[in-house]
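Below are structures written as structure tokens.
Next, two complexes with chain A in common: one pairs it with chain B, the other with chain C.
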Partner chain A sequence: MGYTFQFGVVLDALPDLLSGAAVSLSLAVASMVVGMLLAAPLAVAAAGRNLAAKTPARAWIELARNTPCLAQIYAMYYGLGAVGIFMPAWAAVFLAISFNNAGYLAEIFRGGLNGINANQFKASRSLGLTPAMAYRYVVFPQVFRNTYNSVSNQFIWSMLNTSLGALIGLYDLSGVAMDYQMRTFKTFEFFLAIAVAYIVLAKLIMFGMRFLKPGGANA
Partner chain B sequence: MNDMFSTGITPRDYWMMAYGAWKTIQMTLAAGLLATLLGIVLGLLKMSRFAVVRLAVDTLVDVLRCIPLLVQVTLIFSGFAVLGAPISAFTAGTIALTLFAGSYTAEVVRDAILAVPAPLRRAARSLGMTARQEYAYVVLPLGVRQAFPSWLGLMLGIVKDTSVVAVIGYAELLKATQTIITRTQDPLPLLTLAACFYFVICFPLSMVGGYFERSLKKRS
Partner chain C sequence: MISIQNVHKSFGQLEVLKGIDLTIERGEVVTMIGPSGSGKSTLLQCINGLETINSGEIHVDGTSVFAPDTDLNKLRQKLGIVFQSYNAFPHMTVQRNVTLALRKVLRLPRAEADEIARRQLDRVGLLAKADVYPGALSGGQQQRLGIARALAMSPNYMLFDEVTSALDPQLVGEVLATMRDLSSEGMTMIAVTHEMKFAREVADRVVFFDKGVIAESGNPEEVFLSPKSPRLKEFLSHSQF
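For the complex of A and B:
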């Protein structure tokens, strides 16, 4: 075996790798927040009877879940570019992962909505709450609590998906590694380093979500 | 094709995409089968009597789940090359997808086994069944029913995840599409067509899953 591992070049690239990690994490957080905000109304529409709302919601969910995330990123970057809407790589990744998150989270929330007794909604309505208030104050707090673990998993999953942005030139962890790999030919070393970095990021998210959990870390 | 510099979409391009879709299906079948087997083994090991085994499997599964597939594929591809035994993109992609999906399948298998009521299993044993018979005639039929929807979801995930293997040069559906786009410079129709291909592969499967889930709900 004539190969010598050289991790010195990885250490030299540390500042870039750290800024790449910041890009990965911030994109994941931003697209998770937007995804959650979109997913709640999507889930309500998809679970409801109003066809005018249900059909587009179902279409969104099915499209987000049945096409590869990479294809969604390409669609935002190249597809929208073809109709004259140009955006930087980070914006395309942000939009694509938000779209993807919204679809997956809506399906998770829909499962959660099914678990809530319909009478609770009726009771809130008869107490004078508007439908929006009933969802906001009565239904969704419970849905969030019941689906918390699935939502946490989706968060980690979407963080891992941001790595696909490297293929359209995003300078996130993977993008930095790909860039340095081309300059130094140390593919294995760089990807091993970012593999460890991704594990750390995933654990950070897991840790953070445990603290955000309604009712505290032990609930 | 009269003009080799023409930038229009030719029938050959559709053929190339269809071939890409076939390569996607090939890798899905290979990785799906291996991942299922690996998942069953890991799932059973997860319930081992020995804490060391459980810890080892849990750590492995945890690590595999926290690294993006893109990174895993590249690591495996370059890792074998570094070791002096280069493997093809298909092999590297299949190994990576097997490990990735297998770690998720392990969880599904474990949950399915745990979903079989313990008294039922003890009853089987007290009727004189051996451990093997208990698994074959009690745990397996009930567990499969429980695991099927999630398992199918994982297989659908593999269909989509094959697109990531493009980074090491496997010309599956999305890579083929991308290659044609670089010539025609017209991404919209081709990307839409690629999405349709994925949809045609995935949607019937997810319909089957939905049907199975509903019939399960009716029975219980």
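For the complex of A and C:
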């Protein structure tokens, strides 16, 4: 009876856990950046009236938001593999989470776009700005300001979703923990340790996001 | 010169412009008056292509606004417009509101754009507010920012779309004073306005819109003191000038 916690093995695994954390964080950041860059035009297309742009945008958003993230990762890794497109686990996770982020963020941005007075766009165009410039410099900075909290949530949510990569052999935080607990049978120790590590990563992301907050870190 | 020929425009079933002909020469100040919904604001926004037309022609300095090969972004640099809703960009300081188009459209270096912005802000009496955000400005100040932002692009024409309609009465004066200054400097202006006193004082020519047509036009004395059409007589009987 009773379970004696032995964290010594976790300390021994620290170098691997740290590099796993680096994999988790860098995948989260990369897929968030790509997700946001894709979400902006998706949101504009989904909110617009041009059916040739609206239909694929809506399809993307629906697919990304209404299928499990794990299925999206499998689709990239095994699904594309089945048609002869092979990629390492990190690439599959990066593509899948970027796809997922783009869908969720597009829906967040679409709501934000509705909150911007159409006259802001009109005034931008009247100064000679192209539509792309008007979105880039006038509309989206305001959308981002209004959706900042939802975007931060999505960032953390997608960082946690990278843990699903362990199921296709990604050596991220979860992958390292799974590997070590199988070899050492110290299941609780490793999963407790990475739970703490995920919290730290989430806090790190929130801290970083403060510097992107419109108006600066103290706003 | 802005030349407007037989312009028709409909919103769905509703025809708001029913064959407008109007020519505005460089240096001229034209004020447009008339009841709400008579089409004056719509026409103004057609001149720089923010609204489309169903038929007719609009030329600005010889360039057809609605020709497929016209670069509207380039054409709009000639046409400053100030709106009824202030439309300041709330996430940028007052100065950046003015430099945005200078930097991104005209691609001027920062120092040059800043210098132009500060000169224009000084011109409308807002230099002291250069570094604040528009949210901290009164309606009148925001409207003067709109004027400075448009002037910074060195337009040949300034279009004013009921710029005082959303203002508290005590703030109307400062905006009208800025517009008077502009007209005395020789700026070509087209102003849609409900300020009859202003429309009469500042204009070389007054155009009266009614139900989508120009019902009457002429110099201010003719239009205000000896109106010919019954509709203009009735309209003026409700106004003070």
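Everything below uses one rule, namely that the second predicted complex is superposed on the first by the 218 of 219 C-alpha atoms of A that agree within 3 Å, B and C clash if a C-alpha of one lies under 4 Å from a C-alpha of the other, contacts with A are read in each partner's own complex, and residues count from 1 in each chain.
The rule is simple: a contact is a pair of C-beta atoms (placed from the backbone, for glycine too) under 8 Å apart; a residue touches a chain by one contact, two chains touch by 3 or more.
In this text, all values refer to a predicted model and were calculated from it rather than measured experimentally.
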Could you classify chain B and chain C on chain A, in the superposed arrangement, as clash or fit? fit
Partner chain in contact with A:163 - chain B first, chain C second, else both or neither: first
Check the residue A:147 against both partner chains and state whether it touches chain B (first), chain C (second), both, or neither. neither
Given the touch rule stated above, what does A:127 touch, chain B (first), chain C (second), both, or neither? second
Looking at the overlay, does A:188 come into contact with chain B only (first), chain C only (second), both, or neither? first
Is A:81 contacted by the first partner chain B, the second partner chain C, both or neither? first
Draw lines from the C-alpha centre of chain A to the C-alpha centres of chain B and chain C: what angle do they form, to the nearest 10°? 110
Name the chain, either chain B or chain C, that contacts more residues of chain A. B
Minimum Cα separation between chain B and chain C after superposition, in Å, equals 24
Both partners, chain B and chain C, contact chain A at residues none
If we count contacts the way the header does, which residues on chain A are in touch with chain B in the complex? 1-3, 62-63, 65-71, 74-75, 78-79, 81-83, 156, 160-161, 163-164, 166-167, 174, 177, 187-188, 191-192, 194-195, 198-199, 202-203
Given the complex with chain A, which residues does chain C contribute to the contact? 48, 50, 73-74, 76-77, 79-81, 83, 85, 87, 89-91, 100-101, 104-105, 146, 149-150, 153
Under the stated contact criterion, what part of chain A meets chain C in this complex? 117, 119-120, 122-130, 133, 137-138, 141-142, 145, 214
Residues of chain B touching chain A in the complex: 63, 65-72, 74-75, 78-79, 81-84, 156, 160-164, 166-167, 174, 178, 181, 186-188, 191-192, 194-195, 198-199, 202-203, 206
